[in-house]
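Quick one: the structure is below, and I'll ask about it shortly.
Chain IDs A, B, C, D and E follow the sequence of writing; residue 1 opens each chain.
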Amino acid sequence: MTDQNQPLLLEISALNKNFGGLRAVKNFELSIHKGELVGLIGPNGAGKTTVFNLITGIYVASSGTIKFKDQNMVGIPPFEITRTGIARTFQNIRLFPNLTVLDNVRIAYHSHAGYNLLDAIVRTPRFFHHEKELTERAQDFLGVFNLQDRQGEIAKNLPYGEQRRLEIARALAAEPQLLLLDEPAAGMNSKEVVTLMELIHFIRDRFKLTILLIEHQMRVVMGVCEWITVMDFGEVIARGNPAEIQSDPKVVEAYLGRGAAELAKKLSEKRSHVA
Amino acid sequence: MEKSTTAPPVSFFQRIIRGRWIGKFMLAAISILVTVGIAFKASQSPALFFQQLINGLQLGFVYALIALGYTMVYGIVRLINFAHGDVFMVGAFVSYFAIANFQLHAWPSAVIPEINPVISLVIGTISVIFLAMATCGFLAVTIERVAYKPLRDAPRISALITAIGVSFFLEYFGALPFVFTSNFITYKRPFEVTTWYIQNGIHHLEAGVEAPTGSVLFSNILIIIIIISLLLLASLQFIVRRTKVGKAMRAVSYDKPTARLMGINVDGIISVTFAIGAALAGAAGVLYATAYPQVVFWMGITPGLKAFVAAVLGGIGSIPGALVGSLIMGQAEVLSAGYISTPMRDAIAFTILILVLLVRPTGIFGEPEREKA
Amino acid sequence: MNLKANRSTIGFIGVSLLIIVFVQVLISVGVLSAFWATLISIGAVMGIVSLGLNLIYGFNGQFSLGQWGFYAIGAYTAADVTYRWSQEHSASGLVIVSLVVLLVGGSFLLIRYMLSRIRGLDPLSAFSLYLIGVVIAGFLAVKIGQFIINPVTAMFNILPASLAMQIIFFLAVLLAGALAAEVSFIFGMPVLTLGSDYFGIATLGFTIIVKVLLDNSDVLLGFEEMKGARGMVGIPKLTSWLWVSLFLLAVVIVTRNLLHSSNGRAMISVREDEIAAKAMGIDLAQQKTLTFVLGSFFAGLAGALYAHINGFLHPNTFNFIKSFDPMIIIVFGGLGSVTGTVMAAFAWALVLEGVLRLVLPTGFETWRFVVYPVLLLIMMLLRPKGLFGAFEFPFLRQVLPPLRKSQGSAATTPKPTIAEGD
Amino acid sequence: MLLEVKDIHVYYGAIHALQGISFQVNEGEIVTLIGANGAGKSTSLNTISGILHPRTGGVSFRGHDITLTPAEEIVRLGICQSPEGRKIFAPLTVMENLEMGAYTRKDRGEISRGIERVFKSFPRLKERQNQLGGTLSGGEQQMLAMGRALMSQPTLLLLDEPSMGLSPILVEEIFNIIQEINSEGTSILLVEQNAQMALSVAHRGYVLETGQIVLEGASNALLDNPQVHEAYLGGH
Amino acid sequence: MSKRIFTLIALLAIAASMMTGCQQKQTEIKIAILAPLSGAVPTFGESTRDGALLAIDEWNAKGGVLGLKIVPVVEDSQCSADPAVNAANKVIDVDKVHYIIGEVCSSASIPMSLIANEKHVVQISPTSTNAQVTLNADGSVKPYTFRACFIDPFQGTVGAKFALGNLGAKKAFILFDQGNDYVRGLAEAFEAAFTAGGGEIVGKETYVKEDTDFSAILAKVSEANPDMVYLPDYYNIINLVTAQAKEKGITAPFMGGDGWDSTDLDRAAADGGYFTNHYSEQDTRPIVQDWLQNYGEKYKKADGTAKVPDALATLAYDATNLMLAAIEKAGVDDPEKVKDALAGLTWEGVSGRITFDQNHNPIKAAVILQVKDGEIKYVATVAP
């Protein structure tokens, strides 16, 4: 059911995660081919963010395999996973709040800074050379996201929308092949959501990325994703393209409910009028 | 849907690493070595061993009362209240002055001369404890209002530094000649010590007489300490679990802004928590001074530190944890003094703490730290 | 950009050297009496320890109370080296300590290299393996040391006595720092995985363990010359204002250079948000260990310098209550401010031991420690973020690179809608 | 008029978060505040609840000035907020969470009647009454948050983003319950990201933008307003 | 900014040195009393200060020394190295003092003595017993440092002799604080002398000074069943240990050193115990009786009754008298001469007739006292 022309980038099979007695993820399976835009949806507490944490190594799977570029990622510390090419954003924005916008992006280059501690302390020419280079790279990156004027600003002082953009910019600066976005539209109004959707398309095309997205707003999921996987109670209950998902009775029952417009109409009718 | 994928075979070496076996093996080796060593020495003189256990029990229960204050305050405002040990000291001094200068422990027989002396003593002693508890509670609330409350929105470390400052202040202000003086003062116990020994039954030990060899001694102080500590612990547990104030404490400890939205007076609840914790420390001060009859302005530092370690050991924030941690600390202290090395005793206590933290990073009863990505 | 940075660098170093020389002249002329000179030196020493702690806590966010323990290790290590040279006319201390430092350091590198291939080894296991390395390396160091003590002693005897003394002192200070750093590495490995407050308590425990060991250094550890709780005497008084101030300057510059580099940013990112840092490919354990080791290295240096100020060491100086002093200093100066830390260290030393002694009238000597906490309280209530907050002197401040005006990248800038997201 | 907010200015340090906002809630109404993230919706609620205090301007409730009244007093007067993100007391049981909601009430009988009422509205909570709050699912937590707020028997219920992070099917259920609560006589001030839903249940609405009210009116009118449609309803 | 701060400091220092620098004709002579007035043992500091001040008052009443008024300079040195060094530097540099009485604790007296000898200031420590106070690390004597108390081996040996001879003890148990060099010195000397004299040490246990619960080690004492227990610590520890020993049914007598000498010794708990001391209150020499009376007149307890001087006050009093007598003997306010005068001085002090040996330690007799029925009774005198 996926695009077989491209090689598999991420392959998760039989993934399980237990917290104490609680089984948060059960036999989770997911395959993503290179260049795809995949959505992961499901009710709150279904285990979506746990899957993200498993992929990025913040949690270690109880059993099962996560293969990224044909390499098993289970048990590998998060920073190494990032270095092999998986970056993510967080549901509630996690910037480095007291650092400047520029530094937020420059941190992404740390693992390939090109100079070591001693160079930094003694300030060798190597330090100056590489520092300049990575600074310029970071500035270019900010330019792509139209944040270059903000480089000296402390991250926590940015407005919400810019913080989101900075977070995505920072994740992309790590030069991932797979980008995980955790509810990027949370806390956005409709107008912002539209720009976000454009942004997602834009970064995928420009950086040749593969994207896995968790989202609640159906408009986003249905609007940008090529494939969707639906989770409930830690299990995959359905997968398919947006049209298939919207008509899948299991999904409608567990997750989507009646159409939103229909519901709104019903509620308006019920509204009791007061003076 | 069910697709059983067999995991790739894991080599022996990998299994050792995944299972963290090297570190576990080292810890296990250390603990087995120590246990065997103590067991061997204990088997040579079981009476001495049981004597040490009893001694440790007494110490442990006193620590528990102090540890609870640390744990409660930490639980509610995430502050390591370094002044807590000094509040304990104030409790001991208050009871000293009440007994030595005002004979508070004998008030019932002073008011009603024909009262049964035993009943008089019991009521008197309880009033001394209540006085110390009340004073300490009041003191702690004052400290909280003056020194900690203004810093509630400041970085956590500011309040910690303030706590250290308060601790210094209480000690050195107490050392001034017109306050508590800097002398070591022999504490006047509200009641006399009676000792019993166990050897084929319980016998009373006359003063100035040696107990027969191979017997195990205990005193009325031990019994009183255990009874009062357990009573206070039980009432604390009742307050926290069953009463409205206790539930509010737990709510405030979890989420202050939301607690305010529910109409809970957060500052009031924090003050109450400080007061209860300090009151327990005050009671501990009285019991401690009764058991080890000397008071001096710096007496709170060491028990304070030990109790704090006990609270961490048990899992700071947890009430049963404080009790268990304290009992472990009491035993660890007497056993290492008795069987390993006295001068290294504090080092051993802290080594135990560090080892426990390595196995259980938030203490024995501590809840794992919430980490949300 | 480079030119500007250089100007502030030259300015800073120039001004610092000027101040150092100026103070030295005041001391030499006798305007600053030994009383004040000692206090200023103590201030500089506290500045070095506190900068180390500021790295660990202020910049990397690890709440450590162990700084004082490393300070003690540094003090006793350096004191032992110079004591053996000045009292026993033997370089045994120097030889053994340097061999221990080298071999243990070597074993660490070797084990680290071997372990780098094993993924997912937990810190406690790694700690056990490193511990074995330490034991073997330490044993070897002592054995090998026996053979070269005499030649090395002879070598130093060729030099003029005072020069040899100064060289040995300088080496002792560096070795003390290195040893403290190595201890912090092995201790930090398992402990740095603990959560903030628990880490603080474990490190407090470390300080207490070190103090207890020092109390019993003669009986249990076999260092007769340290005399355990009797206090170590006979340490040559070699630390002069010049030495401490130059070390302080070096530490400030190293700290500054480190902070404004990729490593420094990684270090700070750990303080800011551990999970985000992980997700950005930053090896938390490595960053934490690195900072902890560097901070402890500074503590060791400071301890070594301290040992040679009074010529006497006593375990009570390394009591856990005093371990709060550097913490008080960095909070006082402003967490994460290098300027603040140095200023606060001097202010702390001069006010507590100097000004308060002069100001308090006769009969009120005991009030010194009543006034001190009150000052502390007032200070905290008035300025909870410290005296300097996040202020830095120009040289220590981060210089923002100039804006790069669109080259090529602008062409690929997406549609304006993205820029107006909010 | 039940609640009147009059020209309030609220600051976070130097940030001018609310720049002169006025609105009212009448007895028996559902009023909604919609707007973008950071527009000041939650700030408005927290100002009413007494968590924040305006620098200038005033809030009055049933004719009494409550501008500077502390939060715990405001609950006693009959305003209760169910905060954004639900904020359940995770280590307390469902029952204890509800009791905390009734913290300001003294009468035991009334409290148990209140609990009965909440269990009637949210039967799922009754099944889980001895479970810890933290173990509930997102939807159940939202129900508990609302139930907890109802325990203080408020005249005015403030709901902050009740639909946040919930699946569409749960959003539906929650909005049904909001209408139910309102029909039993409780006035509601609703802050929502989901403007479509919010306007469907509300009688009137206000649109906030960067700390100011830019539009107000009957919800039907707002739903039909092209500006609103463009900005908040995603004018497909 | 930093420049300004440094200039400020420099100015402050200049002002300070000016204030004290411009003395015209000498009308007074300053004596510094450095004592731990804060820290862990302020009570020792207070006794020391009181004893020294009384001696100065008495000399001033007699017209001072060399016709100059004696001005005491009191500084807090906290029984700890750093504050002791700072205090010594302060009195020497700022107050221009040439004579120091202090410190109580060896851990403070040793670093202080380094400074005193560097700057040629005469120092008498009243109570520091560590050999290193008057000796350099290479064993040579520090010319400017003296002490007024016994060194540890003497008291320990005296104690052992008494235990073996007068008490007839065969088996002794030693309890000591490893972190306190005074206690440890006494314990080691006692052990050496006791075993040399044919006795047997059946057990040794250590504690730390913050301890209050001694049950673990007392359990071991009771298990070993000795004839006597040697516990050479300060009275505060004695009070705790003896009280707990009574409760544990230990009947063997306790014995200790001059640290026992305090009005705050719990005489009921320590009943039956012996200790070595510098003098006995029952001594009929007039100097002793005058001392007791004058001290009691000058210093009162909180309840108005006369204070009884303890060993620290007595030794501080003797040390101050020694210093002033040496100044008088030298005939000039010159530390160089005073230290020589001191080395050759014989002085009749409260704690006996004092002369100094080549290591600047006093040669004087010890007395043995017993706590009995609430009184301190004189038992014997042991000459060196």
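The rule is simple: contacts are C-beta pairs under 8 Å (C-beta built on N, C-alpha and C of every residue); 3 or more make two chains touch, one makes a residue touch a chain.
A quick note: this is a predicted structure, and the numbers were derived from the prediction, not measured.
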Enter the minimum step count from chain B to chain C; a value of 1 means the two chains touch. 1
Would you mind telling me which chain pair, A-D or B-D, is linked by more contacting C-beta pairs? A-D
If you average the Cα atoms per chain, which one ends up farthest from chain A? E
Note: chain B sits from chain A at a C-alpha centroid distance in Å of 47
Here the gap between chain B and chain E, centre to centre from mean Cα coordinates and rounded to Å, is 37
State, to the nearest whole Å, the distance from the C-alpha centre of chain A to the C-alpha centre of chain E. 73
Residues touching two or more other chains, restricted to chain A: which are they? 56, 58, 75, 90, 159-161, 192, 194
Shared interface positions of chain C, touching two or more other chains: 120, 215-216, 219, 275, 279, 366, 369, 422
Please list all residues of chain B that touch 2 or more other chains. 18, 172, 175, 182, 301, 343, 346, 371, 373
List the residues on chain A that touch chain C in their complex, please. 56-58, 75-80, 82-83, 87-88, 90, 94-100, 102-103, 106-111, 113, 115, 117, 119-123, 127-128, 131-132, 134-136, 139-140, 143-146, 148-149, 151-152, 159-162, 164-165, 170-171, 174, 192, 194-196, 198-199, 202, 206
Chain A partner contacts - residues on chain D that touch it in the complex: 26-30, 35-38, 137-139, 164-172, 175-176, 179, 182-183, 193, 195-197, 200-203, 219-220, 230-236
For a test of understanding, state which residues of chain D touch chain B in their complex under the given definition. 49-51, 71-76, 80-81, 83, 87, 89-92, 96, 99-101, 103-104, 148, 152
Taking the touch rule as given, give the residues of chain B at its contact with chain E in the complex, in rising order. 45, 48, 51-52, 55-56, 58-59, 172, 175, 177, 181-186, 193, 195, 197, 205, 207-211, 213, 217, 219, 288, 291-294, 296, 298-299, 301-303, 333-334, 337-338, 342-343, 345-346
If you look only at chain C, which of its residues touch chain A in the complex? 2, 119-120, 254, 257-258, 261-266, 268-269, 272-273, 275-284, 290, 398, 400-401, 403-404, 406, 408-410, 412-415, 417-422
